[in-house]
Every structure is written in structure tokens, then in C-alpha cells.
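Okay, structure first, notes after.
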Amino acid sequence: MNDAGFRSKVAAFACEVYWGDCDPAGIIFYPTYFRWMDAACWAFLASVGYDARRMRAEHLAMPLVSADCQFLFPAQQGDRCVVRSSIARFGGKSFVVTHEVQRDDGMALAKGSETRVWGKFESGPGTRMRGQAIPEELKALFRA
Amino acid sequence: MNDAGFRSKVAAFACEVYWGDCDPAGIIFYPTYFRWMDAACWAFLASVGYDARRMRAEHLAMPLVSADCQFLFPAQQGDRCVVRSSIARFGGKSFVVTHEVQRDDGMALAKGSETRVWGKFESGPGTRMRGQAIPEELKALFRA
Amino acid sequence: MNDAGFRSKVAAFACEVYWGDCDPAGIIFYPTYFRWMDAACWAFLASVGYDARRMRAEHLAMPLVSADCQFLFPAQQGDRCVVRSSIARFGGKSFVVTHEVQRDDGMALAKGSETRVWGKFESGPGTRMRGQAIPEELKALFRA
Amino acid sequence: MNDAGFRSKVAAFACEVYWGDCDPAGIIFYPTYFRWMDAACWAFLASVGYDARRMRAEHLAMPLVSADCQFLFPAQQGDRCVVRSSIARFGGKSFVVTHEVQRDDGMALAKGSETRVWGKFESGPGTRMRGQAIPEELKALFRA
């Protein structure tokens, strides 16, 4: 159980460091971690029944309030990784997801978090978006 | 006048090679050129009166049919460049844009082309998109 | 057997269209395909014994001469795909890889090619790189 | 003068939101801000005499310890922006850069920070990198 009292499922998102994800220092270019965290968050949603198709159909979105990441060990091309994501906290209209990135040998590479709003487009992608109270039914889907 | 008989304006799009655009070989990661070509094409449209705001308001889009690029000289971080874009050909619903990328000292870095459809979303971004006959008025805007 | 008489192995590289790979039209931003083709090419090399670690250790690189892609059908977030890569042709110091991108239901999304040089850094990444005659032993590894 | 007592210069880095920087919600895909912050940090270094060429020649690097960003207002394609960067704090071998992203009409879009190590490659990019005590002469270059 985390500080806020929510006992979250943990989702696993597999990824790999590609040549083009690395910089001239020969290690991962750090925005790559944020791309992974975003994709991992969408995969987490999909794992509980809210896949991309449903999110589109129901005009749902989850824009960011903030994001942060600590870089623990430099990843290199060819490193196979997993991002473990869990809900740290549900607020009224927002939620916090924490992400831990591990190399497949267990080495911790990075850990970060995203604070997002649960939002709905008025009439489809590109139109005005408003934050929604997160339904209890949705929260329940993430409970371990 | 190019092969197809269209004498096009030439637009200039300024860009720079950033650290994160380069790979472990210390040179530009090649998809960066395609990102530049895409941005240069939008800037070209904007320069003749079709900026992002108008494209959105009129539900216009220009999806790709194909793209290609030749890489002539390896660019490095800090290289300031310009992409010179021109219309190679207008078809019925499609058009071809050629792009030449030069470093600011005149060194040719890359040259490529994009074939695009002139399209319209049925009711805004994300909805079904259909190719449109390119209006003569639009073509005229690109004439040198 | 392809036109040039080289009967190539075919490698399969799995990938997925993420939220951040898509543009405001709700479909894949096209440079994503080139990122995939690059990663697929590295994976192809790895599959025959030249993984990232070995490429680094032996100071090997494979810079691009050109790349092209045709976009056949618009991919959307959540589409699971496979890139099938094969050697179209070996030249003296260069080679051509073709890539076919399919959605997991078999829909053809894109097909493209990369022409690359087989190169070696004089003394590690970032140093001067020279094209190398492609060893027959290397070519043999790709033979079906 | 900031909390840590360092009165920093403020560098301005111009950028623009491109089509490919945006996601299906029609707004900026958030890792773009981190790409900008990284580029802005390199530009800040360049502005005080440490450009990419010099960084390469002297085997210098500035790997990340952590990064964070708050997203204040959604940016759209075509928004012209400036990232204002300043040194928040110099530690022994690390430093903190803060970045404020504004749209050209003054709208605050995002603000974030990067904590970096001042590092040196043992023998060029790709080789082992070690943190270095930040020279007082370097710190002085950033003083307002």
C-alpha cells in the first residue's frame, strides 16, 4: 500500500534501447525515458480495459500536469528493459503514476512519475478537453 | 522551371542539429532529416497563407504517399542548416515537394522529396480524411 | 531470389504504434517508420551475430546513403506491427535492405529501403569512419 | 539572486512546435519539452564559450541526474516559443539548470529543471565518463 493508501496493480511494459535513442555519448538520450513512461502509461490503461480504441471512442485523454525522472544508470543500445508502472495516488480529477525502469538483468536504470488529468474531449480529439472526476469504477480497475 | 513545367517558389526553413538529434556515431540520426522535411513542408504552406491555424480551421491535411532522402554529408551537433523546399509537381490530388538541406557554409547535407495528398477531414482531426482536387488557386500561390 | 541474385534471410522486428508516434491527424507521424527501419536493420544484424555490443567493440557502423518509404495505409495508436527485413543487394562496400511493415492482421502499412555503407571507425565512435569491403563471410550470414 | 546565492545569466533558446511534435490530442507531446530543455542547455553552454565543437574537442559531457517539468498550458502546432534557461545552483560536480518555456505572446507553457554532472570522457565520446569538479572559471562564465 503506498502513502496515499492505494494498493495498485503493477503493469510491465517491455522496451529496448535502439541506436536512434542514444546520443553521441553512446548512452540513452534522456527524453527517451519520458517517451517510454508515456507509452507505459497507455499500456497500463489498456491492461485494465481502456485501450487506445476505447479511449478514442469515448473521447478520453490523460494530459500531463507534470513529469519527473531520476536517471540511475546509463542505458546503452541493445539494453532490453521493462517499465513497471503503478498508481501512486488518485486525486479528484488527477492521478499520479510511478514508473521504474529496469534492465533485464535487474539493474535499475531510472525511476520517475507522471501526474495526469483524466480528461474528456467535448467532441473528439482536437476539440476542447475538460478534466473529469475519476469514476470509482475506474479506480477499482487498478486495485491490486 | 522543373521537369513537370511548374516554376515553384522556394521556401527556406532554418534548423539546427541538436545533441539529441545525433546518434552514437556522433552524427545526425537520419530520421531527423524527415522530421525537418515535414516541418519545412508545413512552413512552406504557412508562407503562402496556409498556416497551422488555417489548416486546422479548414480541416485540411497533407498525408504522405512516399518520402525519400539521400544523405550527402554527415551533419554534426551544432550545424546550422537550411532546408530549401519547392514544388516539383502538382498532380490531381497529390503533389511532390523537394527539399535540399544545406549547412550554413553551403555544404550540401541531404536532398529528398515527399509525395503528399491534399486532404480534408470530414469533420475535424481524427475523423475520416479524403483526398481533394488541388484548387488552381492553391497551386497559383506556389508559383514563382 | 531477388533481382540481384541474393537470396536473403528475412528478419522480423516487432513494434507498436504509441501515442507519441502519432500526429494531430491521429495517425502515425511518418518519420516513425524510418526509426523502425533503422531499429529493424540493427536487429537484423544482431540476429546474424553482429549485435550492438559487437558492433561497438569492433568499431563497426553502417551509415546511410539513402532511404525511402511508401506509406500504404495509415497506422494508428495501438497497432501492433512487424517489420520484415531482407537484404536486397550487396555491393562492394554498400548494401541495400528492404523493409516491409505489416499490421498484425496482415494489413500492409509501409514498405521501404535503406542503402547503407559498411563502415569502420578509425578508433571508436565519433572518430573518422571509412567504408569497408563487405567480407564474404558477413554476406554468407545473411544467406537464406 | 536565487536561493543558492548564484546570480545567473539567462539564456534564450528559440523553438517552435512542429506538426510532428504534437500528438493525437492536437497538442505538444510532452517529451518534446525535455528535448527543448536539453537543446536549450547546450545552447546556454555555447553562449558562454562552450559550443558543441569545444565540448567534443575537450571530451566534455553533461549527463543527467534528474529532470522534471510542469506543463502549464497546452502548446499547439505553430506556437513560437522561447526557453529561458538559468543556473539555479552549482554543486561540486553537478549543477541545476532551470528552464521556463514561453509562447511568443508571453503565455507561460512549461517550466522545468535539469540536474546534470560536469563530466569528462576518458578518451573521447563513448568511452568511460567521470564527473569533474566544476572549475570556478566555468562558474564565473554564467554569472550575470
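We just call them A, B, C and D in the order they show up, numbering each chain from 1.
Here is the rule we go by: a residue touches a chain if its C-beta (ideal position, glycine included) is under 8 Å from a C-beta of that chain, and two chains touch if they have at least 3 such contacts.
The shown structure was predicted, so the numbers you read here are calculated from the model rather than taken from an experiment.
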Which listed pair, B-D, A-D or C-D, duplicates the contacts of A-C in over half of its pairs: B-D
Selected pair, greater C-beta contact count between A-B and B-C: B-C
Cα-centroid distance, subunit B relative to subunit C, in whole angstrom: 24
Inter-centroid spacing, subunit B versus subunit A (mean Cα positions, whole Å): 32
Residue numbers of subunit B (touch at least two other chains): 19-20, 24-26, 29, 31, 35, 38, 56, 77, 125-126
Graph class of chain-chain contacts, one of line, ring, star, complete, other: complete
Contact set on subunit D toward subunit B in their complex: 18-20, 24, 26, 35, 38-39, 42, 46, 51-53, 56, 76-78, 125-126
Subunit B to subunit A touching residues, read off their complex: 19-20, 22-26, 29, 31, 56, 77, 123-127
Residues of subunit B defined as touching subunit C within the complex: 24-27, 29-32, 34-35, 38, 56, 61, 63-71, 74, 121, 125-126, 129
